[in-house]
Amino acid sequence: MSILVGRHTRLVVQGITGREGGFHAAAMLEYGTLVVAGVTPGKGGQTALDGRVPVFDSVHRAVAETGADTSCIFVPAAGAPDAVMEAVDAGIRTIFCITEGIPALDMVPVVQAIRDAGARLIGPNCPGATSPGQAKVGIIPGSVHREGRVGVVSRSGTLTYEAVQAMTDAGIGQSTCVGIGGDPIIGTTFSDILALFAEDAETDALVLIGEIGGDAEEQAAGWAAEHLADIPKVAFIAGRTAPEGKRMGHAGAIISGASGTAQSKVDALEAAGFRVAGSPTELPTLLRDAGYAG
Amino acid sequence: MKIQEADAKSLLLAQGLPVPGWEVARTATEARAAAERALAAGAEQVVIKAQVLVGGRGKAGGVKLASSADEAEAVAGRILGMDIKDITVRKVLVAAAADIVKEYYLSAVLDRSARRILLMGSAEGGVEIEQVAVATPEAITYQHADPYLGLLDHQARRLAFAMDLGPHWKAGVAIAKGLVRTMQAHDADLVEINPLAVVREGGAGSGDGSGERLVCLDAKVTLDDSALARHPELEALRDPDEEDPTDQLAREAGISFIKLDGTIGCMVNGAGLAMTTMDLVKRAGGEPANFLDIGGGARADKVAAAMRLILADPKVDAILVNIFGGITRGDEVARGLIEARSLQERDVPMVVRIVGTNFEEAARLLQEAAFETAGSLDEAAAKAVAASGGAAA
Amino acid sequence: MSILVGRHTRLVVQGITGREGGFHAAAMLEYGTLVVAGVTPGKGGQTALDGRVPVFDSVHRAVAETGADTSCIFVPAAGAPDAVMEAVDAGIRTIFCITEGIPALDMVPVVQAIRDAGARLIGPNCPGATSPGQAKVGIIPGSVHREGRVGVVSRSGTLTYEAVQAMTDAGIGQSTCVGIGGDPIIGTTFSDILALFAEDAETDALVLIGEIGGDAEEQAAGWAAEHLADIPKVAFIAGRTAPEGKRMGHAGAIISGASGTAQSKVDALEAAGFRVAGSPTELPTLLRDAGYAG
Amino acid sequence: MKIQEADAKSLLLAQGLPVPGWEVARTATEARAAAERALAAGAEQVVIKAQVLVGGRGKAGGVKLASSADEAEAVAGRILGMDIKDITVRKVLVAAAADIVKEYYLSAVLDRSARRILLMGSAEGGVEIEQVAVATPEAITYQHADPYLGLLDHQARRLAFAMDLGPHWKAGVAIAKGLVRTMQAHDADLVEINPLAVVREGGAGSGDGSGERLVCLDAKVTLDDSALARHPELEALRDPDEEDPTDQLAREAGISFIKLDGTIGCMVNGAGLAMTTMDLVKRAGGEPANFLDIGGGARADKVAAAMRLILADPKVDAILVNIFGGITRGDEVARGLIEARSLQERDVPMVVRIVGTNFEEAARLLQEAAFETAGSLDEAAAKAVAASGGAAA
């Protein structure tokens, strides 16, 4: 099965004629993803990726003509919130926003509109998701993956690749790898992704990659303790040696009280049955220690 | 971006909020003049507050009262030049000391979990809200602004009534709405008034009893760095006195950089991976000299800037470059490194690890240029620590 | 049964300490309505109507303390949209807004918020609703009513009273009389109310009172034609002799094309099986002609 | 409230929309001077447009071209003073005649059914949109603005692409967003641009080919009367030249009043009941002299004003007062009537029907004052028609 993206994903790439959009759309196509459409306002009627993908003026048009059901957004920060609104308005229900640098307040109404529509937004400022052997959406290098049955969720970008590469190198494949993004306001949380993995028949173990700041990992640990008792779970938290007060905003600190430190996160995860690695390279060993035999 | 109290107050004033007057002084003489004006206008005392972008000014002796122009000049003289948490005080704020009847707390903050603007109010003002949250959590009242429409009138009213503002509830409503407007107008992450205070107007000196008024006595605003590009008015508030030249270079290059105390310079793409790289350097027995994230899609010029930032620290005796290409392309980073090395004045051992997007081309380029490379991150950390030790030995 | 308001309605009156709010709250109480609370910010802790109704600072407080489930709003136009938002946020699901003169654009987000919350707003600028013998909410004079089994819906104010009085005088009682309000943007339409009456076991016939302008009556006729074939239905349309172009805004005309004239409405209603009266006084006779025996 | 084309254009211009320059002239001489300036600036022709608040100016001869200052003066002289649908033209707009390449239609309107702002666009510009809606409904494209967030960028883009604006789509997006901003800034019910046009810039006279541009050639704005109180800037746009003194009195008293051609003056509370009263007067064989809704909660002073409005029409020979009290209290209306009658100069027979809230007290007062009263509305209409006939006989 996998989650979020798979063999049947029909992808529209918003901003396909831009530098990043074009580069990564080509990589997705090469990986085997069904990239059925691109959108760039004013370039409707053209094609992208050497004529392999039709370009439309609007997501609505792309959906109507190609049956796209998933979107990947590379639109610059100023236009990205509207690009998400366009995708959801066009009926897209799974939207990946890769764009970084979007002002946080711009996302507040957008995530609410996503909720109101019953859609799902991953990101912004996220690397996307890959279901190895099926499809990749976003910018995670395809080469790091291997088909398998471990679900990976992370709020970092490149650290995700690092962790996945370590698993692949050790012969442990993934069902789906999801980067949820590191921005203050994101559409999908660790807990949301854990819940999807919990329902996925082809995911037998879980890897969670977190970092200091905020309380997303603590919340995920709380959810996992309740719902994921029997599945092998490992985690890695970046920033154990980061000096205090440098990365954690006052805002996060006020709201989440004592949480936010690496220790708080490690404690919460361990209490929820996660084995926590000291380096991404230790993840495979810990997975096997936790009983994962894949 | 943090901004000074005086600038924060200016933003609030521009939204029509009640902020008692103040002046900013850069010298004791200027402070004296400002104090004279405040005293002449009827103030019994003036307050002199260090303008630094760190908390705990009061405890550090950076906030003092003065009852005369002479005293104000002396106090300002002592505060100016003082170091508070490694920051030298270069400006003070001078204002009439308020005759405080009661202190409250009110702030608007971006709540990441709820993904909305959160208003927090408390009748326990004047102390740090984190302390109130721990000691008497029931003393804090919360209201989330509507995600589409902002803080609605009835939400502001409920906040004001829960804060027990009594006859000042209407003023509280106006201030709460003003905080959210300020946040939205300037893309702030946080707008905090502590204390929000009921003060006696006119003072005893004016001879009449006069009324009481709810005012913003202190103000703290932090801005969303991602939004600064669309707020040129805020760039002017950046305080050059407080910004390290290295920080300025990093900011202008679009690089996230924090100087630390170690010897191993780190250049990494992605904040999580950068922290992990630091963690592993430390685990391997070394000390990272910095946190440095060159960001996504970094090109050659950014790599060169990152190299300059790292080498500006004389303690750095080894460099660890760790790039996992995704949106960033390995070959571009490799070219940037080659060019940067050709220009750099100081020769420091460097360990480079480039994996991911276009790593083959990167490997070829680095090999041609005879860089020391590493396969795994653990290996890269170990090599960097060894190189650092070797140089130090 | 009746619709919207009844014996079990627990009413909070927003703006109870104002002139109109106080006057009509007293009339409602006198009629037998359970007026359990009033709201006026800053007057929480006081009482209204000679000590019979406690006043709260917020609707939330009123709901928490009294279990109010229905609201009637007399707040002046500048504060009325927020008063509706407050009621819905406090969990009230049936909200009558009597206030007139609210700028139309102010109501656009409010009616959407009402929909999003699954609540119901009647009005603004409406006279309210009465279920004779049970409860009245709003400003319809209690004296015009008589208990019975005819449902009345109208978008006029005083014309409603006229029509209901004519029925009462003829011995025909009402299950519920609803004034939906005449403003450009209202929360509940003719069709919505007809749908409620259709489900009400104690409503055996329907009276619809419309007027020229817009296409609300045409839409209601369309709905009735489909869903209300077998129930006696009569209607009255005001403005048959009004000169053209004086009351109908350009806006309404553009959108609704040919509809909006008295003739268009009469035609649509007659096609849907309504008997259309030439004067409100004819309504009782037409009801009996249509087969209503109550 | 309708406002003049020139004022509508000013509102659009203030929102940054492309509106070619214009001048307003009240005399032929002023029009000549304006034409001279336009011609001197390179225009080949000028257009002179009657400023009246009714449609169909063109057909009525109120819009003309002129190729010289002399001709402009002559044309303006003919248009000024002309009656268009009973409105005398007192002002003309003078502007350079545009070199139109293609005409479009674009408007933002409050859609009562959808309860949202509706944008309508069409490549069939320059004709009435109602005609397009009937003849070629598929030529109109629709977009509802988001009820919370207004017109989103992608909505504006879809509108522009559907309108086939070609290379001008970005300009179309900006204009569509500007229409909604105009609507929200001033609480308009309608903001209509017809035609929105692609025009050749510079004109042949300027000797260069120059570019094409999308501009608002005409503009129509109607405002929400309920919101005028919070827009003092708009009250200044009310055109005293076009407003009848009776209309002004009605507006100032808060009374909804429309003069008609009959003899029976009507004073009613509620628009629906007022129309019904007119319908029944006509059914009883009479002719209503007016539509008059005194509104909800009307007090004595409003009743007196309503009486003055009715009696200002010399054709009125009978008055029918029909009040069904709800929010309006019958006794207050009765007192108002008694007072008004004591002050009125002209003695006209009056039939009064007051039912509903406080009707008993009203009945007592009216009886004491010897007013003729009626029970049912049908009876009241019949009595009024009889009274009117009697007076006329």
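Miscellaneous remarks
Per-chain numbering from 1; labels A, B, C and D assigned in written order.
The definition used in the following text is that a residue touches a chain if its C-beta (ideal position, glycine included) is under 8 Å from a C-beta of that chain, and two chains touch if they have at least 3 such contacts.
Everything numeric here is computed off the predicted structure, so don't read it as measured data.
Farthest chain from chain A, judged by C-alpha centroids: D.
For the interfaces B-D and C-D, the C-beta contact count is higher for C-D. In terms of their C-alpha centroids, the spacing between chain A and chain C amounts to 49 Å. Our note on geometry: chain A versus chain D, Cα centroid distance of 55 Å, whole angstroms.
Each chain gets one centre point, the mean of its Cα atoms, and the points for chain C and chain D are 28 Å apart. With touch defined as above, residues shared between interfaces to two or more other chains in chain A number as follows: 109.
The set of chain B residues that touch two or more partner chains comprises 148-149.
Within the complex, the chain A residues that touch chain B are 20, 24, 27, 77-78, 98, 100-109, 111-112, 127, 139-141, 143-144, 154-162, 165-166, 182, 184-185, 209, 211-212, 214-216, 219, 236, 238-243, 246-247, 249-257, 278-281.
Partner chain C is touched in their complex by these residues of chain D: 107, 109-113, 115-118, 120, 129-130, 133-134, 147-148, 183-184, 187, 189-190, 222, 224, 226-227, 230, 258, 260, 268-273, 275-276, 278-280, 282-283, 288, 291, 295-297, 323-328, 355-357, 376-378. The residues of chain B lying in touch with chain D in their complex are 148-149. On chain D, the positions that touch chain A within their shared complex are 146, 148-149, 152-155, 157-158, 161, 169-170.
If you check the complex, the residues on chain C that touch chain B are 41-42, 44, 57-60, 79, 82-83, 85-86, 89, 109.
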